[in-house]
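After the structure tokens below, expect a handful of questions from me.
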Amino acid sequence: MTILGVGVLKGLGVTLKTFLETYPWGRVLLRAVGIPSANGLVTIQYPDERQQHSERFRYFPFLVYDKTPDDLRCVSCKICEQECPPACIHIVGPAKDEQGRPLKAHGRTYPVKFDIDMAICMSCRICVDVCPFDAIEMDNQYEFASPDRFGRLVFDKQQLLKSAEYFKQIKPSEAAEVDARLAAKQAKTAPPAKPAVPPNPSSA
Amino acid sequence: MLPPLEEIKTTLEQLLPGVTLAVEGIALLVDAKDLTAVCRCLKDNERFGLDYLADLTAVDYPPDRMDAVYHLYSMAQRHGPLTLKVKLPRTNPVVASVTPIWRGAEFQEREAYDLYGVAFEGHPDLRRILMWEGFEGHPMRKDYVVEDQDA
Amino acid sequence: MTSLDQLFVHAANTALGLLSDRLRPWASIALRIGVIAAAAPAIMMYLTLYERKVIARMQNRFGPTRVGVYGLLQPLSDGLKMLIKEDVVPRGADRLLHLIAPILAVVPAILLFAVIPFGRRMIAVDLNVGLLYVFAVSSIGSYAIFMGGWASRNKFSVLGAMRSVAQLISYEVPGVLSVVAIIMVTGTLSLTGIVEAQAGRWFVATPWGFAGCLTFFLSGVAEVNRTPFDMPEAESELVAGFHTEYSGMKFALWYMAEFLEAFAVCAFTVAFFLGGWQGPAIPFWALAGLLAAISAAAAKLPLPVRFVGALASAGAGLLWRAEPIPSWIWFLGKTYALFFVLIWFRGTFPRLRADQLMGLAWKFLLPLALVNILAAGLWSAMPFPVGTALSASLLVVSAWALVRLNHPAQLDHRTYVLAD
Amino acid sequence: MSQTELDAKLLEVNLGPQHPSTHGVFRMNVTLDGETIVKLKPVVGYLHRNHEQIGERATYIASFPFTDRLDYFCAMSNNFGLALAIEKLGGIAVSERGEYLRVIMAELTRLLNHAAVTGFLLNDMGAFGTPLLYAFREREKILDLFEAASGSRMMCNYVRPGGVRQDVPPGWLDQARRLVEEFPRFLDEFEALLTENEIIRQRTQRVGILPKELAVNASATGPLLRGSGVNYDIRKVDGYSIYPRFSFKVPLGTVGDVYDRYYVRILEMRESLKILQQALKEINDASPAISPKGLALVKAPRTFRPPKGEAYGRIEAPKGELGFYLVSDGTPQPYRYHIRAPSFINLTILEDMCLGQKVADAIIILGSIDIVMGEVDR
């Protein structure tokens, strides 16, 4: 048998406690009567302070280049274009000369045009998952608001290009993984001339 | 546990004289005319007790086949699923509504009607549900052409 | 000391004294009107900020912080926004009534301020029928609401307006009846008289006063459509109820009416039951009991807290003897504290359903208010301990009986099976 | 007065599609007699984007980000459901750690969904956002976890056939353990605010009663079904994933009203916490987060061509049974991709629950069903 009104009072107690918890003097008061209390304010005052995002936080993709902007990892294989669920990637390439032979920069083919419509992109990261060259990665910049819908949100190759250094800076552990993978790949493909390393008995 | 498909088929055929069933993959094929009788039996007969219609949809196989697919479970006996399929002609597919048997079919039949054009006879309120009234065509059919918005 | 207490009175008298005798009565009227007309919107604006801040804090938020220091200029920017917003009148609405309704809602709310006793001798008009005036004027609001709801030509508005009228009429009855006890005890309808009658003790400290205070305050909350009785504008059901179709300044006027009335309800509750502009007139035994309770609880507290507590109570006692706090601060302080309760309710409770709300008025508050009159009679007719005890027990028993009679059988406690 | 005259007094009101408490663009065509509902027709489809059609054109993997947008509160469970159906179709084994991570994510999703839904329900009742904001305060903490694991707070796109896309970062599990430890304190506070409150009990008890038989017959699932007292939890019945390893109970209501649904959700949160505790204790890193076959699928979605056939995979999503019906014709895209959306099917019974109740009740009954329009309209 509960007394009518107790539930109402309990509810009032909860809100009053939360109210007091948001003030320093309120917390002192609560502690004085033996109620443990922590800072009750949870708002992040956005333009003044920003939320600390985790390393994996992803927003829009960008293209990675290694040393100079023309040394981009993308070889214009168009797998991401094909797999992109909302079809927001648009690639023209690989670049060819007049005879139709693929042009190469730093030993790789490269795209003539690489556009991503950020208004359509849904930040799903599938392009990163499928890219065999680790050429596309997810950025964590998120302030892209623009007053027009089709103009400034279509990012071209120049806007998308960011250095591998930058990638290392924003996502150190992921970059390390990628670097290890690329190094392993290079070790496998590059040195056919060198004598083979003594076979490791444990590797199958 | 639900008996194997073949056993269900023979039991049903014994219980409902005049009904012929077939097994296709994991599904039991039912003739459109027998659907109500089969469903009633599956729901009411103790041996099946399939009181819960989990899912109802249609599958389009051009050029001439359209399936209505039913997934049945039993909440009381906690078994299932039994997949029922009804083969329908692709032009003017009509099948009896199971809404009188399972209320849960009401919206799902409306959805199948809306997206595939399967008409469910005896449905209390067969209208489009996801598309708007006056919309033409059935957008989930394989031959439906999407108008290009950018064009 | 009295100079601070009578600061505004003296200021007004000095200002009026500069004028010739012929002008003075007119100037006096103009001054009173001017002060109220200027103060009412200012009060309303800062009540909105007060409410937003407090509710925000109850929800782990800051509330407005952007405009001005601590968001202190927020109400001004809100007001400006309301002024420059487009005023939409629905097609098919009754344009004239649509325009008149919000004005008609604000006018009585401001008129109520004429009889609010803000402090000792600080009352615009000390009407000898002040109480009647209060109820007469405050009930005009329901016409405005129905007018606005009907003129909008919107189903939600009409539904809200209908609810509102039903609610206002229902709650006016217990509201008036709860004040009857005061009239019986004080023998006056003047608000100044009622406040002065509480010099010895606030009415809320008497059994009938306590019950009356609750009844009056709850009815008041319901009359001004505040949570948990905000049925007419139940936004989750009726979008915004009677003011669904209002925008811009007209919408601001509705809001102003609501806030001013809410303020007035708090002010009148303070004036009728909580001692008005008088400081706490706690009887000595109550103070002693309170001190005893505090000292009993103090054993648990750490030493510094106890020390500060002792100092504070000693200081409070001295201050209480000296009464240095001006009467108008007492009054406003109590009113704003009561308004805090209103906000607190809003931050905590969902609303009742329309029919449950009516049930509360007719089945619980009305009979209780009637019994309360009897209790007040007993209290004043009998000598001190007997009358108090008798009226208290009468009220407790009847409240208990009312709860039992009304007790919705549906409030059952349930056991939940945890199945495997 | 004749019947027609009486009928003429009925008022027809459109609650929605732009209405503060229809949980998105949902419309109820309500016919009122005074304030009593005599007819109610739900109208949906305003958010329809033919998700199934998109799914039939995309590869199996490319549908995952779209499932995030079905019930946008529960992206993780939606991913989980689709992954389960694909595994069934393609016979993909799941790594041990992947299973644990999936269960942890699904139960965290249940916590945040139930807390938020209760907040919304209270908002529908007219509480000025306080319970909702308390729920959101806690939800943020769970979303932080989701972000740390998947990179996105709401559109996680994390679960994959065979496990999860990436292992959780170091320290994540400890963070999750801390959250599970602290969550009951929030639940207690939440209950102090709500459970015994007389106003809430007045509003919700004996309102919107859904009888047991009707609930089963109308294919109601999730807390709506269990609030009516039907012991049917797919985690128990199907025992999918690794749920049979955990000991937890299925809370059941007795009356089947709004209050029961509310309280069943609170109890389910407590049971979810139990599952989480066990899962977080048992999880080890002996296996990768995703099985080799699953990883291959992530890396090259087009190589996955399941054999011809069909599969119906279902999970106990926070809102009810979330089923994915996939038909494969041997190509990288599903031939048929159908979603059994719990919110959509639970709406079937809305009218029956609302008849004879007041307008205000209809709103909270809708709130207690717990719908998300992204899932209803697909």
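Think of it as A, B, C and D in the order they're written, each chain with its own count starting at 1.
Methods note: a residue touches a chain if its C-beta (ideal position, glycine included) is under 8 Å from a C-beta of that chain, and two chains touch if they have at least 3 such contacts.
In this text the structure is predicted, and so the values were computed from the model without any measurement.
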Most widely separated chain from chain A, with each centre as the mean of CA atoms: C
Most centrally placed chain - per-chain CA mean versus overall CA mean: D
Centroid spacing, where centroids are CA-atom means, of chain A and chain B in whole angstrom: 44
Geometric centre distance via CA averages, chain C-chain A, whole Å: 54
Intercentroid distance (Cα basis), chain D paired with chain A, Å: 27
Where chain B touches two or more other chains, by residue: none
Residues within chain A bordering two or more other chains: 2, 4, 8, 11, 14-15, 18, 42
Of all residues in chain D, the ones touching two or more other chains: 130, 134, 137, 193, 197-201
Chain pairs in mutual contact under the definition given at the outset: A-C, A-D, B-D, C-D
List of chain A residues in touch with chain C within their complex: 2, 4, 8, 11-12, 14-16, 18-19, 21-23, 32, 34, 40-43, 45
Of all residues in chain C, those that touch chain D in their complex: 55, 58-61, 155-156, 159, 227-228, 230, 234-239, 346-356, 408, 410-412, 414-420
Residue numbers on chain D that touch chain A, as the complex places them: 58-59, 61-66, 68-69, 130, 134, 137, 140, 144, 147-152, 155, 157, 165-166, 169, 189, 192-201, 298-302
Residue ranges of chain D in contact with chain B within the complex: 44-45, 48, 50, 52-53, 214, 216-220, 230, 232, 237, 309-310, 312, 314, 321, 323, 325, 327, 335-336, 338, 340, 344-345, 347-349, 377-378
Residue numbers on chain C that touch chain A, as the complex places them: 54, 57-62, 65, 300-302, 305, 344-345, 347-349, 403, 407, 411, 413
